[in-house]
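Chains: A, B, C and D, in written order; residue numbering restarts at 1 for each.
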Amino acid sequence: MINKIVQSMADAMAGIKDGSTVLIGGFGAVGQPDHLIEGLIEQGATGLTCVANNAGTGRVGLARLMELGRVRKIICSFPRSAGSVVFEELYRQGKIELEIVPQGTMAERMRAAGAGVPAFFTATSVGTILANGKEQRDFNGRTYVMEHALKGDVALVEAWEGDRWGNLTYRSSGRNFNPVMAMAADLTIAQVMHIRELGELVPENVHTPGIFVQRVLRIDRGPAWA
Amino acid sequence: MINKIVQSMADAMAGIKDGSTVLIGGFGAVGQPDHLIEGLIEQGATGLTCVANNAGTGRVGLARLMELGRVRKIICSFPRSAGSVVFEELYRQGKIELEIVPQGTMAERMRAAGAGVPAFFTATSVGTILANGKEQRDFNGRTYVMEHALKGDVALVEAWEGDRWGNLTYRSSGRNFNPVMAMAADLTIAQVMHIRELGELVPENVHTPGIFVQRVLRIDRGPAWA
Amino acid sequence: MTGFDRKQMAARVAEDIPEGWFVNLGIGIPTMIANYVPLEREVILHSENGILGMGPAPAPDRVDPWLVNAGKQAVTLRPGGSYFHHADSFAMIRGGHIDLCVLGAFEVAANGDIANWATSENDSAPAVGGAMDLGAGAKRLWVVMEHTTKDGGHKIVERCTYPLTTPGAVSRVYTNLGVLDVVKGKGFVVRDLAPGVTFDQIQAASGAKLHTN
Amino acid sequence: MTGFDRKQMAARVAEDIPEGWFVNLGIGIPTMIANYVPLEREVILHSENGILGMGPAPAPDRVDPWLVNAGKQAVTLRPGGSYFHHADSFAMIRGGHIDLCVLGAFEVAANGDIANWATSENDSAPAVGGAMDLGAGAKRLWVVMEHTTKDGGHKIVERCTYPLTTPGAVSRVYTNLGVLDVVKGKGFVVRDLAPGVTFDQIQAASGAKLHTN
């Protein structure tokens, strides 16, 4: 019997190696796998490259992981959210590397990694400093830059429901980067609000098929999110 | 009030021009917009380039459109289905142009067109005659070919449900090429089994958001498909 | 010189958005535009984080923590709305399916260049978000902003001095002083003046030549 | 020389597929493999037309016209199965998420090349379908086929003579005479012989050198 449901955070985090590229879902607090990030802090892997839309806020979660010196590099579109104090400090001190990627290019680079496309062309960033050093090329009279797939060793995602085959659904705008990151990583770990019996999810409405998911951990995020 | 629901086949087909590239959904009979193809036959546009997985069977639908001399070129992955007699005849007589595309490359080329990606790289077809004349390039030690976006002027798709904003759902394996083609065309026309009130479709489970759909026509496919 | 206040600027943009358009609104004044499009004029709002059909902010006791806009504010979903993932959301943008994007800006140039994300090439950690995708992908890019900086510096310029977000993308600018079209080969053309504002006043507040008609 | 019949060939392949694999089965003998994987050994079948978790053929009175496999035959969906569109389906294939693909073939060469879609470069209208995507994308490609053509021609060859589907992709071949591994730098290695078949017999039926061990 296939059973991707794990019973403990330790099992969820087992085997994440130093130097891994970790994709972290969410857009702000919504769809962010808070508990798994805490689990990663606990687990101890270091020298990480983290890919997330934002560079953490306050001194918890991703910000805490950075503060502990465990993040070598961050790849994101919007590092300067309100309250991204830890990142700003580390960046000023030269203690963290930053790669700024336009949000849509970031999503598409991960989708490409998941879909076996090593590189693609986009008009986004053409004529800006973010295109510096990138190959450019004209198609039908318009200029595009070439962007490369962005693959993860690990993806931490949040979902609404999950089953033992790893099928996931998302709630409302909690979907955001999560399905794309699930596709793009070798080891995708999902924190879910609800475990469903196999067959309970409507086959037409599975948002991330289990082929993209290796581990599912049920988390109680509390009544505010229920 | 936005209302993409049209009341007649003539309204559904209005404005399709000679020389158009027409994307036709479906995989075999499943998810194939049979009625819209009949509508296109009636409508009269000619010199068409048709993109579909198969090259038609029997002497109805796409095969009939070809038999009437209205199709200049067909782009497909599998022209030689059982019963693709019309295509075989025309092709032997040099009366129709054929572009064979691997099935996944065909889907991805349309998805790219819909997503504003003019070209991408894939390992599919490398080392085969289908890669002849295509640009090749190595990424991380593997060779890939460059493939171009495949855009439609018109897409004919079949869906299960539709609403007046153009939101669609698909049933079972009837989804196949339809959502990808809906993204890739300037004018997407959907034949649906059921019209739903706005708000009846669950927002998380809309399969093709209305932004990709211009016209919706209700069709009764009969009890076998209900 | 009276001019528009921020609410009036948002309302002025809203006037020009026809029913049926798919529209992405940036953070700041652009977000306020939604308040001035009557619900019965169906304009479908897109949000980068995977929403079509965004509605107004919820009552404080009806906030859904799972539903935020690109500015991370609580919003609602209208009947007919839908959710999708980030790659699909940006496929809509990059693929040219969004009829209109309205952004704020630091500078807009006579050639349609927009700068709205970084104030220096040496900016330590500029936050680009989805601005470059929207600038390059939307069918139309309009800007709504104050006509000048707080200390009177020019934001309507011949050439941008800040790093670009997208070259040649802006087709219209709404400011507290009026509405300018950006016309290829010509530059800024005054389309409308705010109440109590004269052409000479809006020209004096601009760092680029303005044309009439 | 007895050897396997078609059903036994399918059953022999099925033996080697472990629980938990995502597997795509081509048309013909490959499709029959599903009948020999017991449902309690959970192998998740993928179909190019957007299905994961395909189940056996339905009873004739329970056919769902919306649900067909890549060969357009009626199938069922197992609990836990899901549907998705063609681009997502081939993202699974191209992205290396399918553990195993089993195809039929005209020829398999000692270097792992497979030819299964066209019998001549001048073929008027060859039908490639998803074979090249599967050959290039699946983690493993196995072939199941008769060891020779009906008139005794070689299908196990040093070099393919027909146009390739994918170069260097095949890692194992199941035939009516036995099971061959394709080992890089070495070629065909006999892994198993069908009942009543000797090494000399299988070698004699092959157009390439076979190795033991």
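Going forward, contacts are C-beta pairs under 8 Å (C-beta built on N, C-alpha and C of every residue); 3 or more make two chains touch, one makes a residue touch a chain.
The structure displayed is predicted, hence computed values, not measured ones.
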Pair exhibiting more inter-chain C-beta contacts, A-D or B-D: B-D
Chain separated most widely from subunit D, comparing mean CA positions: C
Distance from the mean Cα position of subunit D to that of subunit A, given in whole angstrom: 35
Inter-centroid spacing, subunit C versus subunit A (mean Cα positions, whole Å): 28
Chain centre separation in whole Å, for subunit D relative to subunit C (CA means): 54
Sites on subunit D at which at least two other chains make contact: 77, 83-84, 87, 90-91, 93-94, 137
Multi-chain contact residues (two or more partners), subunit A: 108, 111, 115-117, 122-123, 170-172, 175, 203-204, 207
Which chain pairs touch, all of them: A-B, A-C, A-D, B-C, B-D
Residues of subunit D that touch subunit B when the two form their complex: 47-51, 64-68, 72, 77, 83-87, 89-91, 93-94, 118, 121, 124-133, 136-137, 163-168
Of subunit C, residues touching subunit B in the complex: 19-20, 22, 40, 42, 44, 46, 52-53, 77-84, 87, 90-98, 137
For the subunit A and subunit B complex, residues of the former touching the latter: 108, 112, 115-123, 139-140, 142, 144, 148, 169-172, 175, 202-205, 207
Footprint of subunit C on subunit B - complex, ascending: 1-2, 111, 113-117, 163-165, 167, 183, 198-199, 201, 203-204, 206, 209-212
Subunit B to subunit D touching residues, read off their complex: 27-31, 55, 77-81, 87-88, 91-92, 98, 100-105, 107-108, 110-111, 122-130, 170-180, 207, 224-225
